[in-house]
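One structure below.
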Amino acid sequence: EPNRPDSWLPTLQTDTPEQGFELAVKLSRMGVKTTQPDIDALKQGRRQYAKDPDALIDASKVIAVHFSTIAAANDYWRDE
Amino acid sequence: EPNRPDSWLPTLQTDTPEQGFELAVKLSRMGVKTTQPDIDALKQGRRQYAKDPDALIDASKVIAVHFSTIAAANDYWRDE
Amino acid sequence: EPNRPDSWLPTLQTDTPEQGFELAVKLSRMGVKTTQPDIDALKQGRRQYAKDPDALIDASKVIAVHFSTIAAANDYWRDE
Amino acid sequence: EPNRPDSWLPTLQTDTPEQGFELAVKLSRMGVKTTQPDIDALKQGRRQYAKDPDALIDASKVIAVHFSTIAAANDYWRDE
Amino acid sequence: EPNRPDSWLPTLQTDTPEQGFELAVKLSRMGVKTTQPDIDALKQGRRQYAKDPDALIDASKVIAVHFSTIAAANDYWRDE
Amino acid sequence: EPNRPDSWLPTLQTDTPEQGFELAVKLSRMGVKTTQPDIDALKQGRRQYAKDPDALIDASKVIAVHFSTIAAANDYWRDE
């Protein structure tokens, strides 16, 4: 069953490292959303952790793990 | 002794990245369930951490580690 | 000096992904046991963290790191 | 759609390991900035965590994850 | 300047996965010792965290990261 | 622009695993220093976390991530 046309994650390929970083941010946020689908609760939570340095560093760590996956998926955009 | 027919994890292969992400979420939850098999305690715990931004970020980190494994297992769905 | 016959970790090879996940759980628990060999203290500790969502997520994270090692060791059970 | 000329992340390639480490620091900080774009809040946060040993270690952990990605992207600067 | 004869880490190669796990435990402890060389402080610290489930899980996580390195270094003991 | 002669990180290559571990410790500390360049604040911080078992384990975790990078960069010192 191939990709649903409206899939939020059709591919891991991106043209540039910057787009790869944006995809890593998106994956990190989807990881939170799958656990807490309630948008209001999410927004309230983001306001809270956006002022908490430890939480900001933790969020950056999740992005770093996803970015290493996306970078490998794009062979580190070597042929750039 | 090949896969039991009713195995919850028959393969790491998925058709699409989105299904790969869903499998990573499933693996993360199984990791919690193996430690705390009591469903009620689990549900009570999820209600609790679903309102805690730090816990939500941590849950997203576990998904990120599993997603990197699934993505490598599917060669990053390159031939998509 | 090859494997002691009664080694608790004779190999990283498993027939199926599900067995691979079980081995990852075992490795995570051995990691705790090497630091705290006292069984009673361990059991008391498990009762405690089994009710703590943050600890459950953290335990799932250790399993995720070991699972990525076991999956790579079994070439992601690709020929399944 | 190739790199925007003013992209903040045109490539993962660096001439030297030291530049690779600097890029890993930059990526870690961008991970924080995408979650908290408000510069004042960021500066206030940095003053706070710069005095907190746990947060400093955590920040170093994010840099370590990004550095492993950049090092792999540059084939560990082997031909240095 | 080859290995000092009395090096505590002459090689990453081990005969068996079990020895590989023991080496990962040793590396994790050396990581603590390089930061806190004072043996008494270390022992006092270990007594403390050996009763703290969160710390025990964290210690297991460090072992998991080192184990993935040692397993790769030994090509997952495939020819076992 | 090749390595500055006085670069603190001219290469990831080391002769032995033990030197590789020392480089991983150095990288972990540089990760802290880039965030907190003030030496006194750093020293004060180290005295603090050197008595805190959780922080010591966390510091060991950062070393473990860097060590996996250095080990891969040296092909696990296989030809040792």
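Think of it as A, B, C, D, E and F in the order they're written, each chain with its own count starting at 1.
By definition in this document, contacts are C-beta pairs under 8 Å (C-beta built on N, C-alpha and C of every residue); 3 or more make two chains touch, one makes a residue touch a chain.
Given the structure is predicted, the values throughout are model-derived calculations rather than measurements.
By the document's definition of touch, common neighbours of chain D and chain E comprise F.
Considering every other chain in turn, none proves to be in contact with both chain E and chain F. The most distant chain from chain D, with centres taken as the mean of CA atoms, is C. The distance from the centre of chain C to the centre of chain E, each centre being the mean of the chain's C-alpha atoms, comes to 16 Å.
For the pair chain C and chain D, the distance between C-alpha centroids works out to 32 Å. The centroid of the Cα atoms in chain A and the matching centroid in chain F are 27 Å apart. Touching two or more other chains at once are residues 46, 49, 52, 54, 58-59, 61, 65, 68, 72 of chain E. In terms of which chains touch, the assembly is arranged as a closed ring, every chain touching its two neighbours and no others. Ring order of the chains (start chain D, then chain F) is D, F, E, C, B, A.
Residue ranges of chain D in contact with chain F, taken from their complex: 15-18, 21, 25, 46, 49-54, 56-61, 63-65, 67-68, 71-72, 76-78, 80. Contacts from chain E toward chain F in the complex involve residues 1-4, 7-13, 27-32, 34-36, 38, 41, 45-46, 48-49, 52, 54-55, 58-59, 61-62, 65-66, 68-69, 72-73.
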